[in-house]
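Below: the structure, in structure tokens.
Note that the chains take the letters A, B, C and D in the order they are written out, and that residue 1 is the start of every chain.
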Amino acid sequence: MTVQMDIAALHDFIEREFAQARGYVVDRVAPMEITVRLPVNDKHLRPGGTVSGPTMFALADVAVYLNLLAMIGPKALAVTTSCSLDFMRKPKAGVDLVAECRLLKLGRVLAVGDVMMFSQGDPAPVARATMTYSIPPER
Amino acid sequence: MTVQMDIAALHDFIEREFAQARGYVVDRVAPMEITVRLPVNDKHLRPGGTVSGPTMFALADVAVYLNLLAMIGPKALAVTTSCSLDFMRKPKAGVDLVAECRLLKLGRVLAVGDVMMFSQGDPAPVARATMTYSIPPER
Amino acid sequence: MTVQMDIAALHDFIEREFAQARGYVVDRVAPMEITVRLPVNDKHLRPGGTVSGPTMFALADVAVYLNLLAMIGPKALAVTTSCSLDFMRKPKAGVDLVAECRLLKLGRVLAVGDVMMFSQGDPAPVARATMTYSIPPER
Amino acid sequence: MTVQMDIAALHDFIEREFAQARGYVVDRVAPMEITVRLPVNDKHLRPGGTVSGPTMFALADVAVYLNLLAMIGPKALAVTTSCSLDFMRKPKAGVDLVAECRLLKLGRVLAVGDVMMFSQGDPAPVARATMTYSIPPER
């Protein structure tokens, strides 16, 4: 499958129509894959300096959503139906959080994305997630 | 097992030591069970008026954490190690989100909490979550 | 919603068309709920006398499938798309395993079933599962 | 981390002490990684010729367990505490099922393994799983 939206098109879409993804940076797009980075700031941190769980959930969710957009274009709004997350290590303080996402399935009604999250520059994953999206039928 | 912290003690703990749980209200505590409510406001909403996924993740996470505190007291900090979530329906706009949590297991090193989430006043669940916490050994 | 197939109809369907569910017993059917029991025998056990993980997965999967059948009748074949499982306690040896299932959602294309599993007669759950099924469109 | 048990040692262990893993073949062992193959036969199939869900669950579970054994040796018995599975495609009939497993975490009390499953020779994954194991303390 070919990519429908490149990095510039995705950033443009975020700016115009996807307010909740502002602050995320798309670093790479390839067929069925995307890398999304969160420049971590104080509002993502817990006491102790670690990135919060909801911040990691949100990063994984945005990464899979942007991966879908990149592959099918800005059509009808896909909806998260289920997810699983595993938290393996504390993210490093003061370091961007990077999500490497891969679409394992892009079907007519369901898409499944797999995400591995890293503190930038450290190869040991801090968390993983799988997100299932339901793709509404086109009118 | 008996409850170690009641509603007042939990609210007091949130106020003094658990900043990220401010804004949540504990409505009920019972052995191995808790009900936590999120008074929904604009910052929890997505365009279209629905409560965001990260907001539901955060509510489930806080509910299980407070359930643990209620049962074992404010000891060493438990850490979320994994979770699964299923999103069944759109939460209603302008309505509080209620998490009914039950600890399925409270072991020496692992605890498992099951959460059903509702738009207040509507019996159809909007989401469910299971959260596993790792309980660090006491020094 | 009303039940389309009662216990007798489900047992009859298992006997005629659902070979992999033979050996399971439907103990109760209600709107959106079902109780399915597995009479445990040697082939379900691990060394040490406990029921195996795949046996618990299979029980949860069959329970949700039968719950779907009970509600929508023996139409097009639903397919498991994802599941999450948590194992809380060792099932007791020599005791039937009981799955109490509830459909949290029965949509046009997706159904979500929640299952709590018990060693018969013991109120502490041994495992829980959530299963998502994709319901193919009718021709 | 270095591998404690190679392919021959794992096959020997399966033969002598791990009856429920008989029939599985370890194709590759590397630090924190393993490839385990299931030669599919009639007892793994559903009507229609596809591999059953419990068969895929069992393959993922065995793969993570053998990966743990390979890394820590045949010590105290680790126990599955939770898992998530996503089923993406029907496995091909008459083709071996291959699990490529990677340990994302190997802690003192918890290990997390990620598994991608394939019909041998086809690069599109049929299923993925994440398994969490609890490692009991050594006496």
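Quick note on the criterion: a residue touches a chain if its C-beta (ideal position, glycine included) is under 8 Å from a C-beta of that chain, and two chains touch if they have at least 3 such contacts.
Because the structure is predicted, anything quoted here is derived from the model rather than measured.
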C-D or A-D, whichever has more C-beta pairs in contact: C-D
Farthest chain (mean CA position) relative to chain D: B
Where chain A and chain C are represented by their mean Cα positions, the distance between them in whole Å: 33
Approximate Å spacing (C-alpha centroids) for the pair chain C, chain D: 24
Whole-Å gap separating chain A and chain D, where each centre is the average of the chain's CA atoms: 28
Multi-chain contact residues (two or more partners), chain A: 81-82, 84, 86, 112, 130, 132
Parts of chain C lying in touch with chain B, wherever the complex brings them together: 84, 86, 88-89, 104-105, 112, 114, 125, 128, 130, 132
Sites on chain B touched by chain D in the complex: 81-82, 84, 109-110, 112, 130, 132, 134
Complex contact set, residues of chain D against chain C: 19-20, 46-47, 52-55, 57-58, 61, 79-87
